[in-house]
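First chain A sits with chain B, and in the next complex the same chain sits with chain C.
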Partner chain A sequence: MDLVFYLIALLLLFSSVMVVTQKSVFTSALYLAVALSMVAALFVLLNADFLAAVQILLYVGGILVLLAFAVMLSSVEQAKRETQVNEQWLPSLIISFGILLVLLVSLKRSLFLEAGVQKNHFYPTTEKIGHLLLGELALPFEVVSLVLLASLVGAILFSKKEKIDG
Partner chain B sequence: MVSLHHYLVLSAILLIIGIYGVLTRRNIIGILMSIEIIFNATNINLVAFNHYCYPRAIWGQGFAIFVITLAAAEAVVGLSLVLAIYRNLKTLYVERINILKG
Partner chain C sequence: MILPVWNESQKRSALILFGIASAGAGISIAIGEIGARFSKIWQCLSSFALKNSIPTALLTTLSMIIQCSILIGFISGAVMFMVWWERKVSAHMQNRLGPMFTGGWHGWAQTIADAIKLLLKEDIIPAEAKPWVHRLAPIVAFVPAFLCYAALPFGEGLISADLDIGILYIFAISGLSVLGIVMAGWGSGNKYSLLGGLRSAAQSVSYEIPRVLSVVPILMMVGSLKLTSIANVQTGFWRLAGIPLLPRWFIFYPIVGQIAFLIFLISSVAETNRTPFDIAEAESELVAGFHTEYSGMKFSFFFLAEYAYVFLSSGLTTVLFLGGGSGPVLPSWSWFLLKSFAVVFLFLWFRWTFPRLRVDRLMEFTWKFLLPWSFINILITGFILLF
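What follows is the complex of A and B.
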C-alpha cells in the first residue's frame, strides 16, 4: 500500500515537473495526461471511486482534448524553436520554494485530528454523492449548472468571428 | 502507513509546481495547464481530508466535484479566449500580448 502511494506520487511529481518545464507544449499536454491519471489513481487509493471516474472522464477525456486542440490550432512549430521559460524563472523558483517552506512549516505545526480509518472497509460512494448533490447541495448544483451555461455562451461568443468596426 | 500528512505534503509540492509554471511559462496554453495542476492539488487535499478526518461523510468529495466542474468551465472559456487572442494577435506568448498597456 505504501509502495503504491510512493510510486504514484513519484510519477505524479515527475510528470508535473515535465509539464511546466517541457519545451514543446504538445509534449507537456501529454505529460499532463499522465499527471491527471495519477491523480485519479490517488483518488482510488483514497476510496473515492466516483471521483476517480469523474477525473478520468472530465479531465483526461475532456479538458485535455480541448488543450490538445488549442495547441494544434495555434502554431506548434514556432513553439519548438524558442525557449518557453521567461527570464524571471529564478525569482519564480525562489518564490515557489518560499511558499513550499511556509506550507511545510505550517503543516508540521498543524494538529489535524485523524479519525480512525478502517482498513479494507470500502463502500461505494456514487449513491451517497448523488443524494448529496440533489439533496443538501441542490442550490450549489443549480448555480454550477448556471455557470456552465454561462461558460457555454461565453465560449461561443469569444470564438465567433469578430466584426471589424471603424 | 500513509497518513494524511503524506497527501498534504504531496499536494503542497504539486501546488508550487503549478505556481512555478504559472509564473514562468511564456505560452498561455502552458499557463492554463499549470492552473489545472493547481486545481488537482486542491482536489487531492479535499479528498484526503474527507478520507482521513471524516471517513463516514462525503462532503469533501462533493466539493471536489464542484471544483472539477468549475475547472472544466474555466478551461472552456480560457481556451476560447486563447484562440481569439491567437486569431487577432498571431501570438501566444504572454509578453507579446500587451496591447492594453498603451
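What follows is the complex of A and C.
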C-alpha cells in the first residue's frame, strides 16, 4: 500500500514539475491531466471514492478538455519560439515559499494527531456527503451555488455581443 | 391480411435465423446463471488454496487477471459482431448489398478479415506530427472505455467491481476518452485533425452535461449511485387492479422516465461521435477528422473505442431504463445482452437514417433544448417525490 502511495506521489510531483517547465502549452496541459488524475488516485487511497470520481469528472473530463480546447489553437511553431517563463520569478518564488511554510506548519500540527484514520475499512462516502451538504453545511453550500450562478451570469454578460443601436 | 410472398432463399434465411435464435435460447437456459457458477468456482478455488496454503493475494491477483481477460475478450467479440451488424443494417436500410462473400453465409467472416488486414497495415507517423502524442492518443482513447466495463453489471452477480459510486465512476472515466481524441487532433500536425479535435472537445463537454443530468431523476428515485441496486429496483411489474400491466422499468415511469430516456439516448449517441453528431470526423468536411493521419493498428484502436462505447452506452441504458437483467425464463445475462443489443440496434438505426447536424445547430440543440429539459425533468421528479 505504501509503495503504491509513493509511486503515485512521485508521478504527481514529476508531472506537476513538467506542467510548469514544458515549452509547449499543449504538452503542459497533458501533464496537468496526469497530475490531476494522480490527485484522484490519492483520493482513492484515502477511501474518498466520491471525491475521486468528481475530481476526474470535473477536472480531467471537464475543465482540462476546455483548457485543451483553448490551447490547441496554439501552434507547434509558436511553442518553439516562446517560453512559458516570464520575468516575475522572484515574487512568485517568495509567494510559493510562503505557502510551503504555511503548509508545513499546519501539517506538523495536525499530521500525527489523527493517526487513527481507518486505513483498511472502506465505507461508502456518497450518502454522508449528501446529508452533510443538505443538512449541516446547507448555508455554505447555497452560498457557493449563488457565487457560481453569479459567475455564470457574468460570463454570459461578457460574452454577449453588444447590440448596435436601432 | 396478406402474407408477404417469400422466395426460396428468403425462406431458407428465415429458417436459419429462427434456428440460431432457438439454439441460443436453449444454450443460455442450459448454461443458467453464469454469476452463480463463477462464485461456485471461486469458492472451490479458494478452499483449494486454503488446503494447500497458497497465498490468497496470488489467488485474487489471478482472479483479477482472469476478469480483465474476460472483459477484453467480450469487448473484442462484441465489437467484431457489431461492425458486421452495422454493415448489414446499413445495407438493408440503404438498399446496398453489404458483405456477402467472405466466409460464405452472408459474409460473416468479413470483420475477421478486416481485423487481420488492419493488423498487417503499415504504421505511418507523419513528419509534422508530435511523435509521442501521436502514439499515445489511441491508447488514451481506448483504455478508459475498457476501464468502464469493470463497473457494468452484465446480470446477477456478473460485475467485476460493484462500486458504490458505479454510475458516477462510468461517467467520470468515459469522459477521459475525449482527451485521446484531442491529443490525436493536436499531435497529428494536420489542419483537418486539429479541427476535428476542437469540435470533439466542444461537443463532448457540452453533451456530457445533459447526459449526467438526465440520470439524476433515477438517482433521486432509487437513492443510490450503485448500478446493481438501480437494476434491482426495476424488477417486477406495474399492476393495474392486480393484473401485471408493464414491467417496472424506469422507461415506463410516467413522463419523467420517457424524457430522461430520450435525453440520455440522444446525448449518448452524441458522446460516441456517431452520425447525426459526428462532426468530429465529418468526411465531407474534414477528410476523416481527428483520425485522418492514423493507419493500421492505431486507427483500429479508435475504431474499437467507438464501438466499445456504443455497447457501454447501450448496457448503461439497459441498466438504468430497461430493468437490467430482469425478465422471465432466460437467465439474467442473456436478458441483459438481448436488451443491450436492441439498444445497439437503435444506435445503428440512427446512424443510417439521420443526416449530420451542422456545428452551430449541434451546440444550440444541447444548450437550448436538452439542458433546459433535463432541468425541468429533475424539477418534475422533485414534485413527484414530494407529493
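Please note the rule applied: the second predicted complex is superposed on the first by the 124 of 166 C-alpha atoms of A that agree within 3 Å, B and C clash if a C-alpha of one lies under 4 Å from a C-alpha of the other, contacts with A are read in each partner's own complex, and residues count from 1 in each chain.
Rule of thumb we're sticking to: contacts are C-beta pairs under 8 Å (C-beta built on N, C-alpha and C of every residue); 3 or more make two chains touch, one makes a residue touch a chain.
These numbers come from a predicted model, not from an experiment.
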Inquiry  = Let me test your reading of the model: by the given contact rule, A:97 touches which partner, first (chain B), second (chain C), both or neither?
reply    = first
Query = Counting only touches as set out at the top, which of chain B and chain C does A:62 meet: first, second, both, neither?
reply = both
Key: Partner chain in contact with A:86 - chain B first, chain C second, else both or neither   = first
Task = Would you sort A:72 into first (chain B), second (chain C), both or neither based on which partner it touches?
result = second
Key: Superposition-derived comparison: chain B or chain C, residues of chain A touched   = B
Task = Once the structures are superposed on A, label A:132 by its partner contacts, choosing first (chain B), second (chain C), both or neither.
result = first
Key: chain B versus chain C as contact partner of A:53, first or second or both or neither   = second
Key: chain B and chain C contact sites that coincide on chain A, given as residue numbers   = 50, 54, 62, 66, 69, 73
Ask   = Quick one: in the complex, what on chain A touches chain C?
value = 26-27, 30, 33, 49-50, 53-54, 56-57, 60-62, 64-66, 68-69, 72-73, 76, 124, 126
Request  = Mind listing the chain C positions that touch chain A in their complex?
outcome  = 128, 130, 133, 163-165, 168-169, 171-173, 175-176, 178-179, 182-183, 185-186, 189, 194, 197-198, 201-202, 204-205, 208, 212, 225
Query = Which of the residues in chain B come into contact with chain A in the complex?
reply = 1-10, 12-21, 23-27, 29-30, 32-34, 36-37, 40, 43-44, 47-55, 58-59, 61-62, 64-66, 68-77, 79-84, 86, 88, 92, 95
Request  = Using the touch definition up top, name the residues of chain A that touch chain B in the complex.
outcome  = 1-2, 5, 9, 12-13, 16-17, 19-20, 25, 28-29, 32, 35-36, 39, 42-43, 45-48, 50-51, 54-55, 58-59, 62-63, 66-67, 69-71, 73-75, 79, 82-86, 88-89, 92-93, 95-97, 99-100, 103-104, 107, 112-118, 125, 128-129, 132-133, 137, 140, 144, 147-148, 150-152, 154-155, 158-159, 162
